[in-house]
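Paired with chain B in one complex and with chain C in the other, chain A is shared by the two complexes that follow.
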Partner chain A sequence: MRLAVVGAGAVGRAVVDLAASYDHEVVAVADSSSAVVAPAGETLDPDTVLRRKADTGAVGDDVPEAALDAEYDVLVEATPTTLDDAEPGYGHAVAALERDRHVVLANKGPVAERYDALRAAEDDSAGRVLFEATVGGAIPAVTTIDDLGPAHVTAVRGVLNGTANFVLTRMAAEGLGYEHVLAEAQDLGVAEADPSFDVEGTDAALKCVILANVLYGGGYTLADAEVEGISGLPGEALSLAAEDGMTVRLVGSVEDGDIRVGPRLVPEHGTLAVSGTRNIVQIETDHAGRLNISGRGAGGPETATAVLADVGRLSRPTGSR
Partner chain B sequence: MSDEPGGTDAADEVRAYTVRLELVDEPGELLNALGPIADTGGNLLSVFHERGNLTPRGHIPVEVDLEATPERFERIVSALRDNGVNVVRAGADRYGEQLTVVLVGHLVDTDLSDTLSQLERSTSATIADFSLRLARGEDDQVTSARVRLDAEAGTGREVMRALREVAAEKDLTVVEPLVGVSP
Partner chain C sequence: MRLAVVGAGAVGRAVVDLAASYDHEVVAVADSSSAVVAPAGETLDPDTVLRRKADTGAVGDDVPEAALDAEYDVLVEATPTTLDDAEPGYGHAVAALERDRHVVLANKGPVAERYDALRAAEDDSAGRVLFEATVGGAIPAVTTIDDLGPAHVTAVRGVLNGTANFVLTRMAAEGLGYEHVLAEAQDLGVAEADPSFDVEGTDAALKCVILANVLYGGGYTLADAEVEGISGLPGEALSLAAEDGMTVRLVGSVEDGDIRVGPRLVPEHGTLAVSGTRNIVQIETDHAGRLNISGRGAGGPETATAVLADVGRLSRPTGSR
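For the complex of A and B:
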């Protein structure tokens, strides 16, 4: 498949870097200020693109929109997640669908905030929209629910934010307070300078909204989620939990039509108590009990792995595996 | 197990049990008694070891609260008896659900005892255990408390909903358990 990659952050760059090892070609790459598009019939050399990005901060000389007009089969949308109108990611996805091209999203915004409209655009297009990378990085959550059949899944819950999980894990292990551990996480690059998206639960909530849209066939946005974060949680709360063999995790759940994210008590050595930046998704099924899938929930190559898995699905005829 | 919440497989459902044991006053006896519980996959909630308080037969009474599926619980009791532990009483807790929550906020200023009695008044829950921690920080008066609630089987979600309401009024954070989810 010929890929146009829009967004050249950690995920976009990793897709460019890894595409060839999955037998796909990159024909266009855009970042927020520029684009590079291969001449007709040719492909881009990933090393050249990535070196130029590293050296100059820009991938090319064209305007960013040029990548959208390139001759690609799949648009990989990996610009930063935005809320409300989910632009520019939503517009990029719709532009590709209008040209009957496929879209693979790493950007959560369009499927969390404008799922129904995006599906409507897909209905009018010969292209398809896949978005495995938006939930739990390399963890195949969306595909698994799809395969099980949403009607046979009774609940989905999980630990879906690595930064919050890192902070809680360190607080419990070291008996340290929230502020102290957060500063340490920022030094390590695990937490952003502005960590609110992660620690206030917004990121985990967006992922749950996406899962709810998959489970219930759309109709959900962030406004439908009941969200509480972990900021300001005192170390004492974790030590009290530990006295009872429990610990605290930021757990998101989709069940009975409700989306809830908040700090929850879970057994200290239980399945949900994944440590560090790991994520876990638990899927409750009608006929097969519970499935647990855990792994790396973020990171460039991890998320690119999910993006390229979606591209692989699109490159096989519908119905084949 | 008569009361089976809709949709759950009773055999897979984890319930709270209380086991009353009599131990001989010898080293290693307590370990001998608790080993089978952990080995069989039961979740120990608390152990009340009444040292110094002897039964008429000169044994030490121990009360153990644990969680397990009904099937595992049967195995735990037979394993205990196989180990020569005298099991005086073993059965499902009078209350079907034990809920542990951690409350965080200005608990004292917002009248913690009122918070808890509001909860007891509006639900089936009773406060079984309680533990309070003051923050180490000097400036902020944030307090954390762990509260164990005994609730009638099947009312866990209702109790949590009521607790969330009371907590919201007083601007408290509730670290909830995962109600209705087996570990």
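For the complex of A and C:
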């Protein structure tokens, strides 16, 4: 498939880097200030694009919008997640659908905040929208729910933010306070300079909203989630939990139409107590019990792997290998 | 989709029972001695079929082969797994492919013992073969590897036999000997009267052979697997392991072209130490680290869920919801 990659952060760059190893071609790349588009019938050399980005900060000389007009089969939308109107990601996705092209999202905004409108645009298009990369990085959560059939999934819960989980894991293991561990996480690059999106539960909540939209066929936005973060959690809470063989994780859940994210007591050696930056998704089914899927929940190549798995699904005929 | 279900054991019966809840219809069912086929254009009433099977031991009055001639879209092959020529399952699958129908296997034989021949038959057919149910019950192992792209999976390992795992879990937890726990498992119906298929590692090895065929594009049969079971394992091995925070699991692995199954030391609270009859599959990838997927590895409704997920994949157009 010919890919146009919009967004040249860690995920977009990894998609450009890895596409050829999945037998796909990159014909356009855009970042926030520029774009590079291959001449008609040709493809871009990934190394050249990535080197230029590294050297100059811009992928090319065109205006960013030029990538949207390129001759691609799949638009990979990997600009940063934004809330409310989810722009510019939402507009990029709709522009592709209006041209009857497929869209693969790494950006959570369009499927968390404007799911119903996006699906309506998809219904009018020959293109499809896939978004496995938006929940749990490399973990195939959305696909597994789709394959089981949303009607057969009774609940989904999980640990969906690696930064918050890293902080909780370190607090429990070292008996350190929240502020201390957060500073350490920032030094290591695990937490952003402004960590609120992660530690206040917003990121995990967006992922749960996306799962709710998949489970219930739409209707949810971030405003529907009940969210509590971990920034107020005292170190003593973790010590007390440990005395009973428990620990604390930032758990998100979607069940009976409700979306909740907050710190929860979980067994120290239990399935939900993934450590460090790992994520886990638990899927409860009506006839097959509980499935647990854990893996790396973030990172450029990890998330790009999910993006390229979606591209693969779009490129294969029904039921083929 | 219209299903013909061949094999009326726990899995076949559960497919008949659950098909309607996945919006599929059953048009034919066969067991080892009989079949029932719906009149042209009609479908079978699942409850009637299942009641007759329970009451009389036979699903119908026709000869079993009649189900193969029915007007179905997908043949669900759920007869018992057989080795070597994998008959009659292999012949059933090929008969369906020759009629350009899809095949969904719950029977491990055809994809473990005659994978290459089955794929050749598929290449000549408009029908496709899917077999998620053959590995790890409800766990989406085959699909996840397919979606990641076999070329991007560097190794797969897992605990793939619930009976052996139940025995090892009980031996470790209660300090009991193998013979004692095995008798208990037989009383509970977790182990067969002849448990050798499970405890000698054959069943786990077949699943690893299937995964090897998916990973490497065929070429493997059971004869290629190096297999050691748990029947010779002394209780002391588990006690000694526990002193170091370890336990023993029957682990199967596919890596660098080699298939191995045998008892292995694993951390007591580690990911591979699933308890009871649960299964786990670990998928190592080139760019996304390790994925762990655990769940119920056997059981009628659990395996039927995987069968019906395959049917769903066959019924959806590319990339659609």
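Definition applied: the second predicted complex is superposed on the first by the 317 of 321 C-alpha atoms of A that agree within 3 Å, B and C clash if a C-alpha of one lies under 4 Å from a C-alpha of the other, contacts with A are read in each partner's own complex, and residues count from 1 in each chain.
One rule holds for everything that comes next: a residue touches a chain if its C-beta (ideal position, glycine included) is under 8 Å from a C-beta of that chain, and two chains touch if they have at least 3 such contacts.
In this text the structure is predicted, and so the values were computed from the model without any measurement.
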Examine A:M246 and indicate which partner it touches, taking first as chain B and second as chain C; both and neither are also allowed. first
Which of chain B and chain C A:L105 touches, first, second, both or neither: neither
Considering only touches as defined above, state whether A:G137 meets chain B (first), chain C (second), both or neither. second
After the superposition on A, what does A:G295 contact: first (chain B), second (chain C), both or neither? second
First, second, both or neither for A:T305, with chain B first and chain C second: second
After the superposition on A, what does A:A237 contact: first (chain B), second (chain C), both or neither? first
Give the label of whichever partner, chain B or chain C, reaches more residues of chain A. C
After the superposition on A, what does A:L148 contact: first (chain B), second (chain C), both or neither? second
Intersection of the chain A residues that touch chain B with those that touch chain C: 271, 289
In their complex, what parts of chain A are in touch with chain B? 154, 157, 177, 228, 232-237, 239-241, 243-246, 248, 251, 253, 262-267, 270-272, 289
Chain A partner contacts - residues on chain C that touch it in the complex: 14, 18, 21-22, 102, 128, 130, 137-140, 143-144, 146-149, 151-152, 269, 271, 285, 287-296, 299, 301-302, 304-306, 308-309, 312-321
Chain A partner, complex, touching residues on chain B are 7, 12, 43-45, 100-102, 104, 131, 133-137, 142-146, 148, 173, 175-178, 181, 183
